[in-house]
Amino acid sequence: MHATEETLWSLALYGLAVLSLVALMLGLSYALGQQRRSRATDEPFESGIVSVGSGRLRLSVAYFVVAILFVIFDLEVVFLYAWAAAFDAVGLAGFVEALIFILVLLAALAYLWREGALDWGPRQRSLERTERER
Amino acid sequence: MIGAAELRALLPLMLVALTAIGTLLLAGFRRDARLAALGYQGGLLLTLLTLPWALPEQPLEVTPLLRIDGFFGYFAALFVLVAMAVGLMMQRQVRSKTSGERVEESYVLLAICLLGALVLAGAQHFAALFVGLELISVASFALVAYPCGGRPSTDIRQRNSLEAGLKYLVLSSVASGFLLFGIGCLYLDSGSLAFAPLPPSTSLALPGLALLLVGVAFKLALVPFHFWSPDIYQGAPTPVAALVATLSKGALFAVMLRYLWFGALQELETLVPAVALLASLSMLGGNLLALRQRDIKRLLAYSSIAHLGYLLLVLLAIGHAGVAIEAGAFYVLAYSLTTLGAFALIGCVCEAGDEPDYRLEAFAGLIWRAPLLGASLMLILLSLAGIPLTVGFIGKFYIVAAGVDAGLWWLLAVLVAGSAIGLYYYLRIILIMLAPQSEPSGIGGGRWLVYGLTLLLVLLGVYPLPVLQWLPVL
Amino acid sequence: MAALLLWIPLMPLLSSLLLLLAGARLGERPVALLGVGSVALSALFSLAAILSFSASDGVAWGIETLPWFSALGLEVGFSLHFDGLSAVMVGVITGVGLLIHLYSVAYMAGDADFARFFAYLNLFVAMMLILVLAGDFLLLYLGWEGVGLCSFLLIGFWYRQPENGYAARKAFVVTRIGDVALALGLLILVQQFGMLNIQDSVDQARQLWPGSDLAGWVALLLLGGAVGKSAQLPLQTWLPDAMAGPTPVSALIHAATMVTAGVYLIARTQGIFMLAPQVLQLVALVGAMTLFLAACSALVQHDLKRILAYSTISQIGYMFFALGTGAFSAAVFHLMTHAFFKALLFLAAGQVIMSLHHEQDTRRMGGLLRPMPFSALCFAIGCAALAALPLTSGFYSKDAILLQAYAQGGAGFAWWLALAGALVTALYSLRLFVRLFLGDCRTLPEPDNRPLLCWPLGILCLLALFGALIPQPLHDVFSAAPQAHVPLPVHLLVLAMPVIGLVAGIWLLLRHRDWRQAFATGALARWWRAGWGFDVLYDWLLVRPLLWLARVNRRDLADLPVQLLVWTSRICHQGLSRLQSGRLRHYAVGIVGGAVLILAVVL
Amino acid sequence: MTELPVEHGLLFAAALFCIGLVGVLIRRNLIFILMSLELMLNATAFVFVLGGALHGNADGQVMFLMILTLAAAEIAVALALVVHLYRRYRSLDADRLEAMKG
C-alpha cells in the first residue's frame, strides 16, 4: 500500500508539472504578446493570409457510407483476433464458429454489394439517388 | 461443449437468425416486399412449429450463457407470435403505401429484434443479457427511424420518425451506459457474469445493482425514465411502436424475472424501496400523463408506462408469493396481446387516409362506421383497464393476488388508485367512439388481425386455463 | 350420458348466439326453425337424461368440474349436477319452454325484431337450464343473473315505448336488491368452506353449523335472493309491471320458470334452511302473507295480464309457504303443476288479447264464449286448476301443500292464511272467467286460431288436467317428511275450500249483481288494486327521500374530496405534461435525475 | 511495479463516465453528443477490463470486445441518422428535435 501511495504521489507531481507548464506557456504568451485586436487576430494563423470560405468542406455522402462500413467491418476483425489468439485452445469447434461468423459477414457483404453501397461514383444507387431526387 | 442436444435446444435461435440472414439476402437479390414478408413469416412459423420439439425435457444449460427450459419456451412462443403479428401489421402498411419505400429490410430488422428477445428469454448470464438487449436496441433504432430512409420529403411522418429515432438512440445509449456500468460493478465485485443470487450489500455491488436498475427502468420506460417513450411511440411507424411496446419491454421483463429467480429482491433490503418507488411513480405518473392526452399513440405510451408499473409489483413479490413469476409471465402475455391489438387497430383506423390522423377524434363514431372494429376497440380498452372477461383482468387479478400474498399493501393501494385514473381516459375513448359520426372517413385494411387479436383477448379472458396450465412449468 | 347433460343448456345457448350474430339477416322461417329446434333438441336430451335417471334408480349424477382457473387455493370450475330436483325443473323448463316457443312463432310473426325475440328467449332458456343444472355456486349465480338479464331484455322488448323500458328497469332494480343478498350469502358459503360445489357445501354446513348463527344469516340472505327473484313480499312489486313484455314472455319467464327460481334455490339449499328453523318459519310466513295479499289484489284487477301476474305471485306464495313448513316435495310439485296451468292461462290470454287487437282491459271484454270456444275451454281448465277444483292437477298439488303443512306444523296463523287464500283464489278465478266469457260482448273479436297457437294450448290443457300424474323423483333429494296424522275434518276443509269459494262466487254473482261495481269503486278495492299500496309506500319511503337527498346534496361537502381528486389529477397531469418538453437533453436530465434518485434511495 | 487499488480504477472510470454524461447533457451539437456517448461506453468498458484483470478471467475482456462492437454499431446507425437530420434541418442542433411533446 505504501508503495502504491508513493507511485501516486509521483503521478500527482507529474500532473502538477504538466499543468504548471501549460499555465506558464499561456501566461507568457499573454504577457509578451500584442494586446492589439484586429480583424485578422481571431483568424487561424495561415501565414498571414486571411482565409477564404469555410473550412468545413461538404464531403460526398459516399464517404459516409464507406466510413460507416469501415467502422463495422473493421471491428469484426477484433473477434477474429481473439479467435486467432485462442486458435489451439478452441480447436475445430472454434473453427466452425468462426466460419459461421465469417459467413454471416459475407452475407451482409453480398447484400451491401447488391445494394450498391460499394459502388463508387455515378453508379452509386442508394443514397446518391435519394440525393438526386431532392 | 456443444453437442446434439444443445444444438437441438438452440434450434429456435438458429432458425430466427437464419430467417434474418435469409431475408437479408432475399432483399438484396429480389426487391419484392411480398417475398420478403413471406420469407419472414415462413421462418417464424417454422420456428414456432419446431419449438415444442426443440425444447428439452429437462432444463438445459447451453454454454454458460443460455438456459433453455420451460420459461424460455413460454416466452419464446410469445415473442415469436408477437413478431409475427408485427410483421403482419408491417405488411399491411406496405400494401397501403405506393410511394416506393423499400421495406424489405424492415423484416430483417424485425427478425434481429426477435433474435435479441429470444436471447433475453434464455439468458442466464450478463453477457447474454447485454447481447440480447443491444440486438433489440440497435435494430429498433433503425426501425423507429425507418420511414426517413425513403424519399426525403417534408412529410411530417418522416420528420417525426427521424426525430424519434435519434432521441431513442441517444437516450437508450445513455441508459445502456448506466446498465453496463452497473454490470461492470457487479463483475468487479464477484468476478463472474453469470446470474447469481443477489450479493450481500457490500459497498460495490449495491451501486452496481442500482445502476443496473437505472438501465432496466429506462428500457421499461418507468417514471422518471419514461420521457422517451411517448415521443418514440408517436414518431415510429405504428408496427414498430407496437414492437417497442411489447417485444422489447416484454423481453427485458422476462430477463429480469429470470435474474430475480436466482435471488429475490427482498434479500437486499435497500433495493426494495427504490423499486417500490419506481413502481408507484410509474403507476401514478403514467396514468396521470395519459389523462388528457389527445394523441392516441402518446396515450398508449403513457398507459404502457402505468402497466409496466403494475408489473414491477411482481418483481417485488418474487420470493414472497408463489404465484409471482406466473403472474408476471401471464401479465406480459396479456399486456402484449392487448397492446398489439390496440396498435393494429390504430393502423387500421388512423392510417386509412393519406395523412395519418392520430388524434382521438379519429375514432369518433367508429362504432357506427365499423361496428366490429368499434367493438374490438371497446374490448381492447376494457382489457387495458382490466375489466372482467378480458385477458387484462386476469392479468391484473394475478398481479393483485401476488401482491396480496407478498403483503405489498401500499403498492396495491397505488395500483388501485392508478387503475381508477386509468379508467377515466379509457372510457373517454369509448365515449368518443360512441359519439354520433362526425365526418365519414375510411377504414384501412388489416382488420382481420384486429379481430383475431380481440378474439384471443376475450377467449383468454374467459378461459385462460390453457395458458395457466402452462405457467407452473416455469 | 354426461356429455348429453352438457348439451341441454348448450343447444339454446349456441342458437341464441347464432341468432344474435346473424339473426337479422335470416328470414323468419330459419329463425323460427333455429329457435324452436334448439329448444326441441334440448327437450329431447332432457327427456333422455330423465329417462336414464329414472332407469338408474334415481342416482344423482353430473359432470365433474371442468376446470376454469384456480387461484389462491380456490379451484374454480364448472360442474353440472343432475338429481330429482334438477330433473323436474329441466323437464318443466324444456317442456313448457318448447310449447311456448312454438306458440311464439305464431304470436310474434311479423314483428320486426323476430330474430331478436328468439335470441333472447333462447338465451333465457339456456340460462334457466344452467341455473337448475348448476353443480356449483358460480354457475348457479351465472344462471341466476342470466335469467335476470333476459327478463330485463324481454320485458323491455318493445323498448320504443318508454313505459316498457321503465317496467324493465323496475324489474331489474328490484330483483337486484335480492341478488345482492344472494351474492353475499353465496360468498359467505364459499369463504367458509373454500369450495364452490353446492352439494358439498350444504353437506359441510350440515356437519359443521348446527347451533351456529351463521346458518341463520346465510339462510336469510339466500331467502332475500329468492324473495327478489320470485316476487314475494316485500319485493313483489316488479312482477305486475313486468307484464309489459310480450305475452309468451310473461308465460315463460314470469309465470312458469324464472319466478320459480327462488323456490328452486331454497329447495336446493334446504339443508342450510333446516339448520335455521326461525328462517324457515319466516319463509312460511312470507309465503302465506304474499299468497293472501296477492290473491286479494288479483281479485280486483282490471287488466287481464295483471290478474294473472298477481295470481302468479300468490301461487308462488303457496310454494314458499310449503317450503317454509318443510313440505319441500309439495312445493316442487306445485311448482310443476303451476307451470302447466299458468302457462296455459297466459298463452290463452295471449290468444284472447291478440283476437281483441291487443286489448288487455277486462272491462272491455265479455261474452267471448261464443266467438272463442277454444279459448274459453282453455281458460275454464286453467281457472279450474288454478282454483284447485278436484281432479285437476292444481288440486293435487295445493292439497298436498295444505295437508303436509298441517301435518308438519298444525294450524297456525300462516296455515289459516293459506286456507283463506285458497278461497280467494277460487273467487278470482271465477271472476276472471266470468268477465271474459260471460255477459255482453263489448269488443268484437277476430278469433285467431292458427294451429301453432292452438296446439301448444291443447297440450297444456292436458297437462293442466293430468299433469299431477307425472311422477316426481324427489324422494332422494328431500328427506321424507315424518308421517303425521291429519284429521279427517281438516281433509274435508281443505277439499271444500275452493268449492266454497266457487259457490260463494256464484251466489254473489246471482244475488248481488252489483258486486262488480263494488269491486270496481270501493276504497278497499282501490287499495288492493294498487297492490296494497306497496308501490306508493316504496315511493314515499325510499325513492322520494333519495331524490330529495340528492337534490339537497347537489353541491355538498361529500363531493368536495372527489372534486379535489379531479383537480389534483388535472394539475398533476399539466405539470407532468410540461416536463415532456420534447427536448433530448431534458430527457437525458430526467435519466440522470432518476439515477441520482435511485442511488440516493439505495445508498 | 505495484498494483493500483481497484478503487482508483473505478473512480477513474466513473469520472470518465460522468464526463461523457455531462457532455450529453450540455452539448447541443449531435456529433458531440455521440462522442460523449462513446466516452461513456468506453468508461464502462474500462470497468470490465479492470474486473478481468482483478479476477484474472477473460470474461471482462470479452465484454470489452462486445462493448466495442456495440459502440461501432450504434455509431453507424447514429451517423446515418445524423446525415439525414442534417439534410432536413441543415443543422446538428439537438434542441431542434422538439416537434413531438406534450
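Each chain carries a letter (A, B, C and D) given by its place in the written order, and its residues are counted from 1.
Note that contacts are C-beta pairs under 8 Å (C-beta built on N, C-alpha and C of every residue); 3 or more make two chains touch, one makes a residue touch a chain.
Molecules present, by chain and UniProt name: A = NADH-quinone oxidoreductase subunit A; B = NADH-quinone oxidoreductase subunit N; C = NADH-quinone oxidoreductase subunit L; D = NADH-quinone oxidoreductase subunit K.
Bear in mind the structure is a predicted one, so any value in this text is a computation, not a measurement.
In terms of the stated touch criterion, the partners common to chain A and chain B are D, listed by label. Comparing chain pairs C-D and B-C by the number of C-beta pairs in contact, the larger count belongs to B-C.
Chain A and chain C have CA centres that are 85 Å apart. Each chain gets a centre from the mean of its Cα atoms; for chain C and chain D, those two points are 74 Å apart.
Per-chain CA centroids place chain B at a distance of 49 Å from chain C.
One simple way to say how far apart two chains are is to compare their mean CA positions; for chain A and chain D this gives 14 Å.
Shown for chain A are the residues that touch two or more other chains, namely 134. Across the assembly, chain B contributes residues 152, 166-167, 170, 174, 230-231, 293 that each touch 2 or more other chains. Looking at chain D, one finds that residues 21, 24, 33, 62, 73, 87, 94, 97, 99-102 touch two or more other chains. If you draw each protein chain as a dot and join the dots that touch, the picture is not a line, a loop, a star, or fully joined; it has some other shape. Across the whole structure, chains are in contact as follows: A-B, A-D, B-C, B-D, C-D.
Remark: chain C residues 577, 580-585, 588-589, 592 touch chain D in the complex. Those residues of chain D whose C-beta lies close enough to touch chain A in the complex are 2-5, 8, 62, 65, 68-69, 72-73, 75-76, 79-80, 83, 87. Those residues of chain B that touch chain D in the shared complex are 126-127, 130-131, 134, 138, 141-142, 145, 148-149, 152, 156, 159-160, 162-167, 169-170, 173-174, 176-177, 180-181, 183-185, 187-188, 191-193, 204, 230-231, 234-235, 293, 295, 298. The part of chain C that touches chain B in the complex is made up of residues 67-72, 569-570, 572-573, 576-577, 579-580, 582, 584, 586-588, 590-591, 593-595, 597-599, 601-603. Chain contact summary for the complex, chain B toward chain A: residues 1-2, 21, 24-25, 27-29, 150-152.
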